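Shown below is the structure under consideration.
A, B and C are the chain letters, set down in written order, and residue numbers restart from 1 in every chain.
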């Protein structure tokens, strides 16, 4: 990849162009809605993968998502504060939360299983807090965004395509950051830490600093995703934006596509969201839950047979092919 | 108010007995197979649904239905080992965690589809025992006594039989256990069967106390983890003691504050324990 | 009785043993010596089934055992006492011994086994209810050997039994190995301490960097000038 224009680049370029021009050309509101969701959730899945690809697995990203969804809506509904400012508040809150959680964990060497369990607990705490303060948040019944006519200022748009493009910009931002990090010291440091924390530390790598950096980044981005979700869907409840199931759902999307590759989460999300919609349509709401079962089982099978996800395994296959061709 | 606290204390102890069973199962599986059974609470939920189905739908009398439920859950444990854990024995920890976590999603949604989102239960009225100002539900008392009996039997099994010895040896040194002629696969199957059966037993004790719904498992899974981490992961005695401490603490907190705050406190306690003393009360630093 | 025929053992990509062959006849005490990291422990692990062998074969009483799982090999009559003994730390002395008698050949004889062991090792009798983890290093080693005897083995594999032990205890260990030899056990002993080991050997092999470089009886080893200086410190 020395800047030569390979097939891969052409395909990617076409896909990007398609995504860019798509809403201007396509008529169906519904399809635009689906792709918006794909872009949004890919963004969140990519944000999660920032941490996971280095071995820092969080099963509780719902807590950041929830912060992003609830804070701007609460501030707007009760205080008239523009959700753009709400977004900044939410991001700061999420980052601070990740610091409060992350620092002690990293400082005391909580890794792997135990760390995952802690994050799971935090996701549950997030849900419970929402339910406990139900006078403000509506508890398990959910919260609806008050509508306003001051479009841009209040992060509300009549033309849903605005959300589409914001989601696309968010995703591009995440991919850009992935690229930047990939070329930076952070990548090397975290890879070393992922292989052996002890070895890395003895080489002078500030383990805590790098883990904190990637965690804070992941948390902030996830919160942004939550903000966009809240503003777009306008109805949120603990089930959909915080808690264990949405946290796991995000993990699944990333793993399905392969969380070690930049476009893995996007592909995994695309597959999952479209299939979920398809199942929802064909089976109706009576069978709500079928898609979850299918995906849960698929992930199970995937983890057993294809630990690098679909995209990752395809890449491995390509690499193997190259080696065979060369040999 | 004082009465309420005393009652909460007593209820905490009574339920603590059942929670101790839950902790035992989780600790056994973790200690022997070295895997965290993320969906343990969902197993309890499933056990409950099965007992309910056997009794209310297939009209099997209650006690046989319970025994059938326990057997079914033991079988599920073995299947889990066979289909899920065996292939992942040498996989990275993350994969094991996620595979079992996906079981949470699969089981909860399966329950949703098969039994619906409504609360299901077997209506049983059991007498209430009065002692002065305080009343105790006999369902709680039966659960407590039953749990202690089962724990006693489990202790005898582990310490007085060859199979129990095999399980304890495998938990401490897998290679050396094999070096004694112990087949680890058999030990794993027995462990998962026992762990599964325990969820059936817990479900049976819960039948006169609760009604079940698809998210019933979540609160118990988290609670079970809090107890097990607090007592030291893999430490059976630690889990036992911790179950009562946590049982009483959450029970009393629920009376003093609200239910949700009690749960939040339990979870924050969990996080703190993880950070300050991850080996728990009686655990040993790995 | 035991025939190892040209085995290779790999740890991942790394070849720990290459084309190693040896024999142990019934009732013999065979020693394997060599420097640290030569692959001696790996050899014992390979024979006992804890490590897979690639290439070659291992035969016990003319039956091929290298394809068997470790717990099956125990049933055939081979017992490994690993480096450090590795007694089960949270089991009592008695439970450790009982675990030794787990396999179906030995279980019926557990009761006599206990009597014999407590006779031979009065210290273990005294500490029978104690957790193995609270015993001293030497006691744990004794426990591990005793545990191994409980399994009614025909061949005992000993991996550096004197490692980390005080000289007096080392004496006890080698004394005990002599006793076992007199009782008729076949022994394959791995040791860094070549001097001591050779004194009780019927036959010996020298392994260096995963390869067999010399074999013979005590005199052969004494006469070889390289071995004399490198291993016997003479």
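The criterion applied here is as follows: a contact is a pair of C-beta atoms (placed from the backbone, for glycine too) under 8 Å apart; a residue touches a chain by one contact, two chains touch by 3 or more.
The model shown is predicted, which means the values in this text are computed figures rather than measured ones.
*Asks:* Using mean Cα positions as chain centres, tell me which chain lies farthest from chain C.
*Replies:* In terms of C-alpha centroids, the chain at the greatest distance from chain C is A.
*Asks:* When you average C-alpha coordinates per chain, which one falls nearest the overall C-alpha average? Tell me, please.
*Replies:* It is chain B that sits nearest the middle.
*Asks:* Can you give the whole-Å distance between the Cα centres of chain B and chain C?
*Replies:* Centre separation, chain B to chain C: 43 Å.
*Asks:* Based only on mean CA positions, could you tell me how far chain A sits from chain C in angstrom?
*Replies:* Taking the mean C-alpha position of each chain, the two centres sit 55 Å apart.
*Asks:* Hey, how far is the Cα centre of chain A from the one of chain B, in Å?
*Replies:* Centre-to-centre distance between chain A and chain B: 32 Å.
*Asks:* Under the stated contact criterion, what part of chain B meets chain A in this complex?
*Replies:* Per the stated touch rule, the residues are 36, 84, 87-88, 91-95, 97-99, 101-106, 108-110, 112-113, 218, 222, 225-226, 229, 258, 260-261, 263-264, 267-268, 270-271, 274-276, 278.
*Asks:* In the complex, go through chain A and note every residue touching chain B.
*Replies:* These residues of chain A touch chain B: 52, 55, 57, 59, 101, 104-105, 108, 110, 112-114, 116-118, 120-122, 124-125, 128-129, 131-132, 244-245, 248-249, 251-252, 255, 287-290, 292-293, 295-297, 299-300, 303-304, 307.
*Asks:* Please give the residue numbers of chain B that touch chain C in the complex, ascending.
*Replies:* Contact set of chain B toward chain C: 162, 165-166, 168-169, 172-173, 175-184.
*Asks:* In their complex, what parts of chain C are in touch with chain B?
*Replies:* So the residues of chain C touching chain B come out as 48-50, 69-71, 74-75, 79-80, 82, 86, 88-91, 95, 98-100, 102-104, 106-107, 147, 151.
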